[in-house]
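Have a look at this one before I ask anything.
Order of writing sets the labels: A, B, C and D. Residues in every chain begin at 1.
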């Protein structure tokens, strides 16, 4: 069978793509790029507090949901436009870059104004119309694997982004749906080397959404580093038990500080740069 | 835990919703409503030939993809606007109603002009922005279960449609992704009685996409009838081996004729009306 | 690829195998054979009460676990040898045949003395040593599909039984493990026609273990009948809420009576004999 | 709900169990114990050649199947008793310990004579009668997770071993069945920290069976080390393309040498002892 992806494959482009975000933020081999922040931008205070905390540690990219994809229409849907501004301001105060999800076609323009990296969430991983629109945006896209997508489907979704020449695509393994209930999803760690072998694109992991619990975020992040992932996106919140969403999987500042140091030692031992 | 769906639940609305399409097409208990047609509108001739064949048998609803959701951007993406017109014309010639998928937000207006039932495909089952837009359309929506979604998520997606008062929603079980390779997906027949118990909305099945092969379409359709499904959507093509997509799961005219008769006998024996 | 099963395939034996249990119990096309009883033989009273109830309705085969396969060693493990006798006596009082599980190699002789049909449970579906031992027993074997097994693996397990010439094998689809939490497992209704197409062996369904809840046993059983299954095994208990195991999925006498009548009407309408 | 396992839980035994095999082989934290060898003992030459190769590198434990669990009865079933002797002799020549699977109840005595570690395979992970028999054996048991078992079920199976006081149990994560076809199974790396948190028992990984391909064995093993696994079991064969089973996932001597060095550097950097 012919592969459904070609432009993102090693056959088409043998060398690793390196995705530039800023002079000191490049998703590339031997770099481990960390994105952190709360699940959602709940209000101005929380996102600013988090940004200042992260920047002081040395984290360079701030995540935060603004238009949220929630299973139920009755759940908190995010602050929307106001959230975008809060996120941008908080990042700017600290010299950070921003990552936020684009939930639908009609939001592409608006979100692209405020975000440095445009995230496509797991539920939109096969929203091909949205992907085609994003293919025309200049900014890097962070594409999450659908929780029920094969690696081939994942790369085919990236192919929609690459169709018009777009190359600054970052892939993200965020766990797949299995029968195991102890974790929210099962982090498919094999996807890291397989994607790197099949494709030229960088791949990071999202241990927070995969695990759905805080106690194994550190070992999962260590596993990702050791097997060659180029980064991670991790949830952190000043008061996880009060978070409006995903509090169970958000690290506290104390927990994140400990993780940050731990992975710093690991990356150093492996001669990888923690970005 | 509170249920993430309320407006589509039995708690909110105890009686079955009956979805009106035409005076002689109502999705309701004791009716088994059949939608048939090719996976995609390939050209004018194929869709007209199919429409005439189906109308003569007594089938009242014609399906056909126009803007297609394909895993790879390199696969045939459908005829687009031209396909919509061919579908409409073919149906009008035979007095049939049309069903076609709305692939993205920007297509809502255009497709709504030509289709009598607006289909949301499996990959868009959690495209919440699209669902919210469709909530404002007057025409019935046929919502497919995501192949990766639980029944609770399926009903929550319907809740997005119902959020603004929309009631004419038809649900469709089309198979879930499992480890079994003999079928494309696994038809979750339990979803039929479970959805009917949890929700007031009608539910039909899609044995063609579930099975991904023709030889078990008949037994699956019979199972659906016997356990109370309110209809089925079935792929049929004049020359399945030449179909541009999903030929493996498309019945030939001869096979469909045989199925149509067989289920006619079954519905008659069970005092259900085959629509 | 060569198929891993041959002796149980249509290629080897084109005609349906008919499995004889008694003159009036033959697992064959156009017959729908019902096995019923409690999950486990809890004491003499419960099994006798159930046997008398079932026999009066017309049910001919009594099930009941004696040596039980429980996930935890701390759960009730069954009455063992005493349970076997209770089951046999209860059945004999009512002229019924017995079905019970053989949990391990060392129990083959003992259980074979008391049971008319030797059941292999889902967790032992790939216990190849046990299967090889059972291949030498004269009595019919009821082989359940492993909840983690593909249809090809299921038929390969049957192949171990058939390896030495054994032909009286009854297959049982009992649900596979998926991500859907509303049911204990997902009844793979497609397995019925697929097994009948691939193999010459009869196949029945176990809606009780698949669903893990009582409210959809009837629609699942009706689906099985309509798509050609040759029987069903259903849990029934005088007082389900007091059952030592699987009470949630056991029908009460009243519920079973209603199911029995309902499927009697369906089989009659379809000219199938309810056995 | 009460947990179905207790004796193997942290609640019962807070400290890590350390499993002794020899003075220089202890499954414990800060040790990474490697078991290697061919899928099956094909003949005397292959197993001796492999043993000499491994021993020279410094590997201390030799694996090799003798009575094999094969999906089809028509596949090679192993050399049986002869294989046990070959394995023992090869190991003895090189001062190695042996690991082989016990396929059924009737083989417990025989295999226990020749093997230093008694393996229970994935398909027997819920063969409770076999587990109960093994609970009475003095030698360490290596219990593989069923490819369709939850972690709770996995620990409950270990509970059957622990029921009579047995403590020298080594757990093995070997991949679970998911929808992803690029790997044979999906290595559930989260199981490593979760099992270590829930239970006091050591856990190793089997990247060979999980991946079903050689090209990602190294990154998976590195991931396991970094997240705290206490060992790995890896397939190696002098001529993988000629192997009677699982050749696709067996490393050649050259590949294994490279892996051995690579993980030696990693364990050294992390101050873990490679055993």
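Keep in mind that, in the parts below, a contact is a pair of C-beta atoms (placed from the backbone, for glycine too) under 8 Å apart; a residue touches a chain by one contact, two chains touch by 3 or more.
In this text, all values refer to a predicted model and were calculated from it rather than measured experimentally.
Novice: Just tell me the minimum hop count from subunit B to subunit C, counting one hop per pair of touching chains.
Specialist: The distance in steps between these two chains is 1.
Novice: Subunit C-subunit D contact: same residues or different, taking over half shared as same?
Specialist: The interface is built from the same residue numbers on each side, given that over half of them are used by both copies.
Novice: Looking at CA centres, what chain is most distant from subunit B?
Specialist: D
Novice: Express in whole angstrom the distance between the two chain centres, defined as the mean CA positions of subunit A and subunit B.
Specialist: 34
Novice: Between subunit A and subunit C, what distance separates the C-alpha centroids? Give it in angstrom.
Specialist: Chain centroid spacing, subunit A to subunit C, equals 48 Å.
Novice: For subunit B, what residues touch not just one other chain but two or more?
Specialist: In subunit B, the residues touching two or more other chains are 148, 152, 177-179.
Novice: Quick check of your reading of the touch definition: is the inter-chain graph here a line, ring, star, complete or other?
Specialist: Contact map by chain: complete.
Novice: What residues of subunit A sit close enough to touch subunit C in their complex?
Specialist: 177-179
Novice: Touching residues of subunit C toward subunit D in the complex: what are they?
Specialist: It comes out as residues 4-6, 69-75, 103-107, 123-124, 126-130, 132, 146-148, 152-153, 156, 159-160, 163, 177.
Novice: Which part of subunit D faces subunit A closely enough to touch in the complex?
Specialist: The contact residues of subunit D facing subunit A are 148, 150-152, 176, 178-183, 186-194, 197, 210-211, 215-216, 219-220, 222-228, 266, 269-270.
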